[in-house]
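Just below sit the structures, each encoded as structure tokens.
In the two assemblies presented below, chain A is common to both, partnered first by chain B and then by chain C.
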Partner chain A sequence: MTAYIIRRLLQMIPTMLGVVLLLFVLFNWVGGDPAYILAGKNTGEAQIANIRHQLGIDRPAYVQIGIFIKQIVTADFGASWSTNEPVSDILKTRLGPSLTVMVPLMVLGTLLAIALSLIVARFRGSLTDRMVMVACTVGMSISILVYIIVFQYVFAYRLGWFPVQGWGDSLWKNLTTFAALPILIGLCVGLAPDLRLFRSFMLDEIDQDYVRTARAKGLSEARILWIHVLRNASIPIVTYVMAALPGLLVGAFLIERFFSIPGIGREVLLAVERSDFPVIKAITVYVAAATMLANLAADLIYKAVDPRVELK
Partner chain B sequence: MTEAISSLSSTAISETHGDGKRRGFWSLACQRFRDDGVGMASLIIVAAFFVVVLLSMSGMAASGWNKEVAIHDAPPDLWGLLKPAAPTAMKSLAQRVEEETKNAAQAQSKEALPPLTVTDPLAETLQALNASEETSTAKKEKRASLPFGGDRWGRDVLSKTIKGTQTSVIVGLSAALLATFLGTLLGALAGYYGGRTDDALNWFYSVFSAIPYLLLILAVAAVLQQRGVTTVILILGLTGWAGVFRLIRAEYIKHRGRDYVQAAHAFGVPDRRILFFHILPNVSHVVLVNISILAVGFIKAEVILSFLGFGVKVDEVSWGSMLNDAQSELILGRWWELVAAGGAMALLVTAFSLLTDAMRDALDPKIQRTS
Partner chain C sequence: MVHYCVAKLTGKEKGLQKRLYSGGLKRGVALWFIAASALSCFSTAALSQDASKTAPLKVLRMAFSTAETGFDPPRVSDLYSNTINEAIFERLLTYDYLARPARLAPMTAVALPEITDGGKTYTFRLRHGIFFTPDPAFGGKPRELTAADYVYSFKRVLDPKIRSPWAFLLEGRIIGLDALAEAAKKTGKFDYDTEIEGLKASDRYTLQVRLSEPDYNFNYVAAHTPFSAMAREVVEKYGEDTMAHPIGTGPYVLKQWTRGARIVLEKNPDYRGMIWNFAASEEGDAELISEMQGKRLPLIDRVEISIIEEEQSAWLAFDRKELDFSGVGTFREKVFDEKGELKPEWRAQGVKLMRAIDPEVTYTFFNFRDPIVGGFEKEKLALRRAIIMAYNRDEEIDVIRKGQAIPATMPIPVGVVGHDPRYQPLNTYNPALANQLLDAFGFKKGKDGFRTMPNGAPLLLKYATGTTALERQFNELWKKAMDSISVRIAFQPGKFADLIKASMACQLQMWGSAWTADYPDGDNFMQLLYGPNIGQNNHGCYESKAFDAFYEASLKLPDSPERNRLFLEMTRQMEVDGAWVLGVSRERNMLIRPWVIGYKKHPILSATWIYLDIDPAKKP
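Entry: the complex of A and B
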């Protein structure tokens, strides 16, 4: 087990180096000279040269990549190009709001999708099942933008049940007041794809021999579904949820933007608008690292819930 | 259960259909597709969207989407079916038509005044412009209502939606073709050759899939400073190949050991030919279904990018930029642009998704979908 974890961690190193290389090529060469972007339009040659020296882009590429790696390891990306706030401070302060919205959303969304998919799976092939599936397909086709615009207009602007936007300092107030409508929207948007997926997981199990045995023993249908089927279907569900975990860090870009939630997602959008390269680079690198760790964790949990799995 | 039986019997029929001749894979697949009512219906809807796109590209429809043909925020009348009812706070429609037409005429007459002392170098051009057809529309009476309503500048929402359809379909399909091309090429090389090639390409794949997709798109958008349809196609196409790569690689690994490939190899057929003339036709159904899946995803992604202002240019229109306009219009009670853009997109994406499902079922009868 330990050997496996160590091997997987070592395998991450070349991938991580690849991510670093990709970002380096992207931000230093594809997009043109970063010094010009940082300096703006009205600058003299001397100033450009000065900025180039400060950023280190007058040095050879391998030295620059070395600097970039050092920045990643020490978590010191310097200051944001547009606000001069240290990038590490930006990351620290924006993480909380993103998690405040995303953690309850993830927990509630998963529980809701599990419950509904078990119910739908029980009525497989019936009219109810087909209506739900059609509703899911249509629901998935409507743009997330439409959901947010309409929900914000109806529930916040017209009915006044929630604040239109805003964010406070107290966690409890944020959670109950400001995050409530964003979480509700996230649930509605995420339910259709989750429900479709989880339903297929449940249906894979429902035809298995052990279900027939359980029925033959005279167990109640509810017990079969909630105890026997769910326990086995939880294996792919856990994998799926683990794979979605890094998304917690990024938050929901659009929801954070519409509701002015000062999270990581909104910060990324702002950084893209302002060509604030250090912020984008830092967030991308750390989220990529988190993604790889989450994949490893998913494999380990997979092994834990299903002893038949061999870790290679 | 009944569905399973009926699908079984329909496959049985399709296989014995015809005069006992062995039928090819594609012929059987087409037969299966034709038997799928939902698939056919969605095909018709998607085809209708494509016709609209062709009309719009040829300039036969929606060429004047950028013109102010009506009063600002003209309400929708659905060709007379809907009575245009202005919100109470607004002036009556007739009043507004009169006022805005007058304003336009006044602005026109002011522009027509001769320059006072300084000779305007552009005076002649301006006069020519004023005289031309283009600007004389401003003198015409503006319409009080439009079939799907008008936007803040009095532009026809229906025309905008049609132009937006053009943007979405072109971006979705081109980016899907680009991504599928890249994914298939790299996947074929990795799967067929294995070894070092496979390791290198797999590393490349792992790098791309380590970064969450939307974050990767945004990072590329941040770097490419110019906006426009081509940029969006490049962003989506160059970042979206990873999924195709994995599938095609697996297919090539499966096929490279087959007898027909071994035989071709023994005959001395060059690798290039084996890769793209012998194996590719046998995995083309995977490619086809993937183009369709990617196109749906890219249409959705383009709308989000354009909404955020990282997509089409200001003088181009997309469902995303329409939704951006609609956001502020909705607060003033003007719901029609939201409904038009959101509805058109939902219809196309639903039909396209169902078409993809039907195609997959027809092309891969071994995979029994669980529904």
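Entry: the complex of A and C
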């Protein structure tokens, strides 16, 4: 197991180098020149040259890539080009609000989707099942933007159940007051596709021989579903959930923007608008690393869930 | 302090308190409640230590639509950071709150400067007894503002490490400063201790600025927020983190800052104060004067600013009375009736509407070095002027601007020195005349119905554009305009940074742009067409000897009828040459809750809450 983990960790190095190269190429050849954005509305070639020099983007590409790699190794991405705020501070302060919304959303969404998928799978083909699937299809067809605008208008503005926007300093207040509506919206948006997917996982299992055997042995339907079917369906569910985990780090762009939540998603948008490469670099690298680690964790969990799985 | 806290308990809390004292709750819960109450009281008390024990805090709640970048005046160029800096830091000069057009007034200077040596030497005398907000950088001692602080702050704008977007306002202007900046580029360190001829603190309270050329607009530089006084000790103590440590002498201090989310300013307890004393200059000022005259400023205790990027969120927050100010934006139909007046439901709430024209102009430039539209040959002049006459600006105002703009008649907008409302533009909307002009100069129609160049070469306009919905609307309008004169047009989308880069290199054929006044003088707009500014902000690469001669003559004159005449000559020249398609000046509509008193939109100042008051009796 240890050898397997070490091997997988070593395999991450070339992947990360690929990420570095791709990001560097995209930023330098596809993105705009940040010097022209930072220069302000009245500038000249001398000022542009000075800014490029100060930012270090007038250096040869291999030097810049070398600095980028050093930043990854030391986990020090310097300071934002536009605000001068250390990138580490940006990540520290923005991650909290994003996680305040995303963690409850992911936990609640997954649990709800599992529970509901088991129920509709149990009544496969029934009117309930069909109605739920139609509702899911309709729900998936509506843009998240519509959910945000309508929910904000109805629940926050009209009914006054939630604040229209805002964020505070207390975790509890943020969780119970400011994040409540964003989480509700996230649940409505995410539940439909999750439910459809998880239902298909359940249906793959529900016709298996072991289920028939369990029924023949007289086990209760609840035990069959919640213990046997769920355990066997958990591998694709784990894969799905683990793949979604790195998404926690980038937050929810639109939700954060509409509800003025100072999270990572909003910061990413700002960084892109400002061509703030240090911030873009740091977030991309952390998300890439988180994705690779989540994949590794998923493989390890497979083994825990299903002892027949061999890690090679 | 305890008395204050008890007085603030609500009915529900009092009930709970009673149950606690009567033993209705367990001791642990009781202790928790007492601790929480005490904590709450102390934090509330800490926030309100400047306020009277009985008077409620006067809190103004506003929203910014874009995140700020930081609070180091010469380093930032965005409106919202500048707004905060304007409240925290002080310039030598400022503007009269009510005077229109905007008029300069002393701020930390005793009076407007003495201008001698034919407009080349400015002598500012500072008020005595102005102090920076206490900060550890000052070692626990009061730190008085002196002329040396302005010498340092002006020099800092040209420090290459600062990368100040405002460097252009000092470059080539102050004797010796450019040489110092050049030396810094070579050595990597700006030598602030080297004295230069152009910036001297003659004594503790006298600043002398010597310019390399006569320049009667330097006062506007001295009134611009990026040229505020900063203390060298503070800058050196916080190094690269100056954005987060704004220590000034102004009426407000930064109390809380959650970057990109929330900014809280509080009244500076050490501020010297000032008296609201302004004379009326426009209709409607009398009411403001009757409400505010003689009050000691600032009156607002706390300004809470939320960064709300989405218009719907900001609008709903205002509608729910969570904000005291709001723009109208795309919610025009909810605000105005058919006559463009405030709807009765708003008037019933006491909401006030403040309308003002921004000191800005939008325009589309032609690249004078472009082989299709550039040059001064007669047929090129005809082509450009025909294009200008084909563009329907009234439709832009009605459809795209939703009526919230006025047509620009000169490059100098309304409310800016040099604008003449009597000026009659040459190239007004007239597609029929535009077609005749093109016919007369040999732009014949081909088989496909579109015109060609007089030599038979294809005529295709290339209009640079972004990718937003607003820009797509403009593209449609331009397509319609060019179809009306049978000229083919293509749109070239690009990123803003790339388009700026290309326009500075004279590589864009046509592009729409806008310019907002840095200072309310025609010079700030006319320099966009000055030949030597090609490669900077003369993006059309327009190089007219006649225009340049008028412009250079205007630089040597103070504000006067003679200089205004030169502005008109410049305007006529650029119209004859067809340099720009003049656009609009946008109208700003602000809705203000009834408890906010004294508001008038200023064309240059943005932190006008310094001049406001709040009437708590009118609050719900």
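Methods note: the second predicted complex is superposed on the first by the 305 of 312 C-alpha atoms of A that agree within 3 Å, B and C clash if a C-alpha of one lies under 4 Å from a C-alpha of the other, contacts with A are read in each partner's own complex, and residues count from 1 in each chain.
Just so it is clear, a contact is a pair of C-beta atoms (placed from the backbone, for glycine too) under 8 Å apart; a residue touches a chain by one contact, two chains touch by 3 or more.
Source: prediction; values computed, not measured.
Peer 1: With both structures lined up on chain A, is it a clash or a fit for chain B and chain C?
Peer 2: clash
Peer 1: Could you tell me if A:S275 is touching chain B, chain C, both of them or neither one (first, second, both, neither)?
Peer 2: both
Peer 1: I'd like to know which partner A:V287 touches here: chain B for first, chain C for second, both or neither.
Peer 2: It touches chain B, and chain C stays clear.
Peer 1: Just to be sure I read the superposition right, which of the two partners does A:G218 touch: chain B = first, chain C = second, or both, or neither?
Peer 2: neither
Peer 1: Taking the superposition as given, does A:S200 touch the first partner, chain B, the second, chain C, both, or neither?
Peer 2: Once the two structures are laid over each other on A, A:S200 reaches chain B alone.
Peer 1: Between chain B (first) and chain C (second), which, if any, makes contact with A:L22: first, second, both or neither?
Peer 2: First partner only.
Peer 1: Look at A:I149 in the shared chain and tell me whether it touches chain B only, chain C only, both, or neither; answer first, second, both or neither.
Peer 2: After superposition on chain A, A:I149 lies in contact with both partners, chain B and chain C.
Peer 1: Regarding the shared-chain residue A:P246, is it in contact with chain B (first), chain C (second), both, or neither?
Peer 2: Only chain B; A:P246 stays clear of chain C.
Peer 1: Which holds for A:T83: it touches chain B only (first), chain C only (second), both, or neither?
Peer 2: So A:T83 only meets chain C here.
Peer 1: State whether A:Q47 touches chain B only (first), chain C only (second), both chains, or neither.
Peer 2: second
Peer 1: Once the two complexes are overlaid on A, one stretch of chain B runs into chain C. Is it 114-122, 168-176 or 204-212?
Peer 2: The superposed arrangement places chain B into chain C at 114-122.
Peer 1: What residues on chain A does chain C touch that chain B touches too?
Peer 2: 31-32, 37, 149, 153, 157, 257, 275
Peer 1: Write out the stretch or stretches of chain C touching chain A in their complex.
Peer 2: 67, 69-70, 72, 75, 77, 160-161, 163, 165-168, 185, 240-244, 258-262, 306-310, 312-314, 316-317, 319-320, 322, 495-498, 500-501, 504, 515, 535-537
Peer 1: Can you tell me which positions in chain B touch chain A when the two form their complex?
Peer 2: Where chain B meets chain A, its residues are 1-3, 203-204, 206-208, 210-212, 214-216, 218-225, 300, 303-304, 307-310, 319-320, 323, 326-327, 330-331, 338, 342, 345-347, 349-350, 353-354, 370-371.
Peer 1: In the complex, go through chain A and note every residue touching chain B.
Peer 2: Residues in contact with chain B: 14-16, 18-19, 21-23, 26-27, 30-32, 37, 125, 129-130, 133, 137-138, 140-146, 149-150, 153, 157, 199-200, 203-204, 246-247, 250, 253-254, 257, 268-269, 271-273, 275, 277, 280-281, 283-284, 287-288, 291-292.
Peer 1: Applying the document's contact rule, which stretches of chain A touch chain C when the two form their complex?
Peer 2: 31-34, 36-45, 47, 50-51, 53-54, 79, 82-85, 90, 93, 149, 152-153, 156-157, 160, 163-167, 169, 257-262, 266-267, 270, 275
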